[in-house]
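Two complexes, one shared chain (chain A), two partners (chain B, chain C).
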Partner chain A sequence: MFTAQNLISIGIAALLTAGLYAAMSYGLALIYGVMKVINLSNAGFLMLGAFMTLVYSDAWHLDPMLGAVVNLPVFFLAGWLLYTLLVRRVMAALPIASLLLLFAVWLVLQNVALLIWGSDDHSIITAYTYKAVEILGFRVPLTRLLVFAFALGALGVLHVVLGRTYLGKALRATVQDPQAAVLAGIDTERISALAFGLGTALAAFAGGLLTLLFSFTPAFGTDLQLKSFTIIVLGGLESFTGVMVGAAIVSFAESYAVLFMRASLQNVLSYALLVVALVVMPGGVAQLWTRHRS
Partner chain B sequence: MRRYLRVGSVLFIVPALLLVLVSPGRPAAMPEIKVGTVLPLTGAFGSAGLYFRQGYQMAVDDVNNGGGLQVGSQKYHVNLIILDDGSNGTQSRSLVEKLVTDQHVNFLLGGYDTSLVEAQEVVPDQYKIPYVEGGGAASDIFKRGYKYLFGTLATVYDMGTTTADFLTYQMSQGKLPKPLTEAVVYENTDHGKDYINALTDEAKAHPDLFKIVLSQPFQLNGSDFSPLLQQVKAVNAEAFLSDAHLPDFITMQRQYLQLGMYSPFISYGARGPDQAGRRALGDGADYLVAALWWTPALKDPGSQLFTARYQQQFNATPDWFQALAYDTGRVLFAGVHNANSLDGTAVRDSLARLVFRSALIPGNVIRFGANGQIQGSPYVVVQNTPGNTVRIVWPRNLPETRDVTLPVPRMP
Partner chain C sequence: MTVDRVRRVLASRPGLLMAPALVIALALVPALRPGDITLLNLGFFTLLYVAQGVSWNILGGFAGYVSFGYAAFYGLGAYTTALLWIAGWHPVLTYPVAGLVAAAFSLVVGVPTLRLSGPYFSIATIGVGEAMRILMLNLDRITGGASGLNLPTAVPSKAWFYEAALVFAAVAFAAAAWVRGSRFGLGLSALRLDQEAAESLGVRTALFKNLAHVLSAFLVGACGGLFATYFQYVHPDTDFSFTESISLVLICLIGGLGTLWGPVVGAVIFFAVQNYLQTSYPNLYLLVYGVLLILVLLFEPRGLAGLAARLRGRGSAAPRLPAPAGAPPDGAEGAE
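What follows is the complex of A and B.
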């Protein structure tokens, strides 16, 4: 079990899983960062993103990767509308109001999916579903590699958008100090709607990508959502690079833990990490990094 | 305006009431038996819950279309009340209680899967209402001394021993190496524990035949099995045996193939031929071997008729879920009929004595042991073949049994 070959194989699998975890957590981190709202409907949009990818695949034989990209504008609009019509109205209330509202949205999305697609397991099989590539003598599943590449690509695009564009600067300013952002002339209301739209689009994008790996039902995403919470807390809640690092911590811990403990305790490990992060370093790895630099 | 509204209401309401009174279903004078069931129509087990609903409904339709259930000198219309537990154990138990206290059901049909049946099984004895289930197969369900609980599924332990018998024969035919190294992964439930216990007992009893080189439990409804599968890959066993429910089976087999893994023999317990699994995995489900409680490949007249009826009604091929639900419903009705009474204790005693000879399961007979569990271990072993077909490969004495393809071909 502890051969170099096995340890490297586990490491590769963990790295690829980290990409998957990061992809499904970006949206959650973005919305929390800008609005301090925990988007419980994230899993619902992840699931709906998977089903819409199935629709594109059935109707137009669209590859799931392209389907995931098509999800971006479609769900950006859905998120924008959700914010404008509902979420905006509870922003001034206690945080529990938005939490309950978005939980209700999640339940509604699940039931809508149930009405349309039923409770059967659905999946998309492509020509490369079972294909793999050899990298330095190690077999790497092509679908996982693609999800990883897309997750890295999304991180890169987000990095550029946040760092180089007015929108990104306005978003970051709103994250850092909403009142100062208003004083600087930023329409924070509009920025919040944009952030919610973008966060929702990222969730649906991830849902589309995950169809390459998993079958899905209207209940899809529930376990992954819990994992996403752990990841964004570990990552410092507001940082995309932190999300990637948080995803890597969870993924590597889960993967290598199988060597020492029962695989059935994998989820327990994730939640233990969440508790430890909340108690020991509530600011996540971003806080540790800031402390180290200062 | 008010007058028009009144006239309008009368125009709509009177015909509606008349329609209710004359609607087909049952004669107005026929009394009703309420049968309740709590199924996972949503959540992780949603697909299986839907299949159980279909099977139960077919059994109820049989009775009602035949003029009702004869109990003593009276015929009764059967009213099936179904509630959805969302695949949640806590909710499942309280909904069964709700069926009894709010809906006043006379009898109960069981839910699906083992964990939800275990959550439900405490209620029937409390209210002395017979409960027949075909969705929970762990032997632990029947070790708690309940008297009003009856199960039509052979245990998962028996599934493990049936698989071992099948493997022993294949080794004797030179189709698999002897001794056979086994990597066993199983869900962390009573279902999974039954499976690993059976395989461990077989390995201890026959060290010359079986050698378990890996035994690992996994979390039910897991999202990522790749770390576990890396362990399986590392031990390079000749047989990969997994006890998994449908969603886990689909995810695990998909990841197994994506990791480029291969074993000369692969089985996921009772999973493999499920239509949902085959749709989700495509060619990736070919040549899997499964031990089942029923398959449409059985050629006995009852199974063939059921398959044809199901296909006609639902435009799909049935799996064991629907067939066992159908059997379970019919067993309950036979028990009620034989009891000549609607009294819970009388029906319970009738079920305990029942020998039901027109079941769909292999052997066609259902009778219960003292603990309420079906007697015998009526399993068939099947192998998926390309083109969404299956063939029965065990037991050898069935006329429809064919040779198994072993070692399984590598996926191109």
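What follows is the complex of A and C.
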């Protein structure tokens, strides 16, 4: 069980999963960063993204990876509308109001999906679903490799766009200091809508990629939602690098935990990690580092 | 307490007289319709939801700490009763123990997590609730795991269960009414609006939050115990389900967060909607409730209780969720 061979192959699987985890969590961090709102509807859009990919696949034989890409503009619009029509209206209230509103949106999405698709397991099988490639003597499922590459690719493009364009700079300025951003003439309302659109699009994109790896139901997503929270809390809530680090910690922790505990207890580990992270290090892993140095 | 004081309290809150009258009227139902099992069953579930909603509201409404994890207390209560019942205890004796186990667990959860600010507390409770469900599924030696536990079949009549649920609801309501009128309740209300300000005025916020948590967990745990005897079967997925947790949140938000009667109204409507839709569309009630919740948050943050007050033309009480009217939109941010 503890052979080097085994440990390395678990490590590869964990690394590949971490890419997907980063993609599904970055939207949360983006939205939190800009408007300090915890987006509980993230899992709903993840699930809906998976089902839309199924719809494209059934209707036009669209490959799930392309489906995930099609999700980007569709769900960007959905997120934009969600912010403009609903979330914006409760921003003046106590923070718990936006959390509850987005929780209600999640509930609505989940139950609408139940009405449309029923509670059965769905999955998408492609020509390459069961193929594997050999890397350094380890057999790696092709789907996992592709999902990893697509997830990191999307995050990379987004990172560059946010770093180079005016809107991206305005967005990062709003994350750093909303009041100063307003003073500098940035339309923070528009930036918030943009962030919500991007966050939602990323969730649906990740949902589309997930269809390559897992079967899904309308109820699917609760556990991933909690994992996303663990990841962004570990990552310090709003930084890009933080999300990467958080995703790696969660993915590696749960992969190697299988060596010590029942696989069905895997999720308990990440939930425990969530509570511990929230209580002990609200500033994320980076906080431990800075505290250690000072 | 002098007669004079009682009179003054009643004069200031006429609603309090309504509660005992309602309890007496409801207690007569089994005597008037003894053979109506359907009615007694509906009554049992509605009252059980009333009891839980009212209890949840003590922390979630009065203190503003919205927990998505009460299924953990409900489930622990159900399993405590189940295991003691199997061991030969009389079911009624197990209810207080079920409550105590849930209350003890609420301390374990609450002491670290209630230090977090509201939204983070909410997220943490989802984690705790789901973690408990999975743990219970895996502790199959004790809990029966995925096959659940069958409980003794000798149970009291439906009328007995109805009356028991009524007692639970009445006790929970009395507890909530007492909290609301006491210094403790004022403290909770103060810390909901501004934790730091409350602390600077000498409110022991950590203690108060945990007391509210323990009290409501005790009541919900006892409800779980009552449900276990009624259902004669316990299963981690039923008793620790996330749906159970969010039911309580929905009942209170739709009825009116932080109001005394809100959860009562909310529970009645919740169960009516669920019962009406369950046969044809088992999950549609959650959709209806999600839409209702969105409407409530956008238009009437005080819930149906607030709407009723508005219709009666007495919408004078301060809104519960949003910042006070006239406050700058970024008032909440400034307080951080």
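Heads up, the rule we're going with is that the second predicted complex is superposed on the first by the 285 of 294 C-alpha atoms of A that agree within 3 Å, B and C clash if a C-alpha of one lies under 4 Å from a C-alpha of the other, contacts with A are read in each partner's own complex, and residues count from 1 in each chain.
Here is the rule we use: contacts are C-beta pairs under 8 Å (C-beta built on N, C-alpha and C of every residue); 3 or more make two chains touch, one makes a residue touch a chain.
In this text, all values refer to a predicted model and were calculated from it rather than measured experimentally.
Asks: After the overlay on chain A, what do you see for chain B versus chain C, clash or fit?
Replies: After superposition on chain A, which the two structures share, chain B runs into chain C.
Asks: On the A-aligned overlay, A:272 touches which partner chain: chain B = first, chain C = second, or both, or neither?
Replies: In the superposition, A:272 touches chain C alone.
Asks: For A:190, decide between first (touching chain B), second (touching chain C), both and neither.
Replies: neither
Asks: In the overlay, answer first, second, both or neither for which of chain B and chain C A:223 touches.
Replies: Touch status of A:223: both partners.
Asks: According to the stated criteria, A:264 is in contact with first (chain B), second (chain C), both, or neither; which is it?
Replies: both
Asks: Examine A:159 and indicate which partner it touches, taking first as chain B and second as chain C; both and neither are also allowed.
Replies: neither
Asks: With the two structures laid over each other on chain A, which partner does A:86 touch: chain B (first), chain C (second), both, or neither?
Replies: second
Asks: Who does A:95 touch here: chain B (first), chain C (second), both, or neither?
Replies: A:95: touches chain C, not chain B.
Asks: Given 40-48, 112-120, 166-174 or 328-336, which part of chain C has C-alpha atoms clashing with chain B after the fit on chain A?
Replies: In the superposition, chain B collides with chain C along 40-48.
Asks: Which chain A residues are contacted by chain C in one complex and by chain B in the other?
Replies: On chain A, the overlap between the chain B and chain C contacts is residues 110-111, 114, 119, 223, 262, 264-265, 267.
Asks: Can you check the complex and tell me which residues of chain A touch chain B?
Replies: 1, 3, 5-6, 9-10, 13-14, 17, 20, 110-111, 114, 118-123, 125, 129-130, 132, 139, 141-144, 213-215, 217-219, 223-224, 227, 254-259, 262-267
Asks: In the complex of these two chains, what residues of chain B are touching chain A?
Replies: Going by the criterion above, the answer is residues 41-44, 46-47, 49-50, 87, 185, 188, 216-219, 221-228, 230-231, 233-235, 246-247, 250-251, 254-255, 257-260, 276-277, 279-284, 411.
Asks: Residue numbers of chain C touching chain A in their complex, please.
Replies: 64, 66, 68, 112-113, 115-120, 122-124, 126-128, 130-131, 134-135, 137-138, 242, 246, 249, 253, 281, 283-284, 286-287, 289-291, 293-294, 297-298, 301, 321-323, 329-333
Asks: If you look only at chain A, which of its residues touch chain C in the complex?
Replies: Interface residues on the chain A side: 36, 38, 86, 89-97, 99-101, 103-108, 110-112, 114-115, 119, 178-179, 222-223, 225-226, 229-230, 262, 264-265, 267-268, 271-272, 274-275, 278-279, 282.
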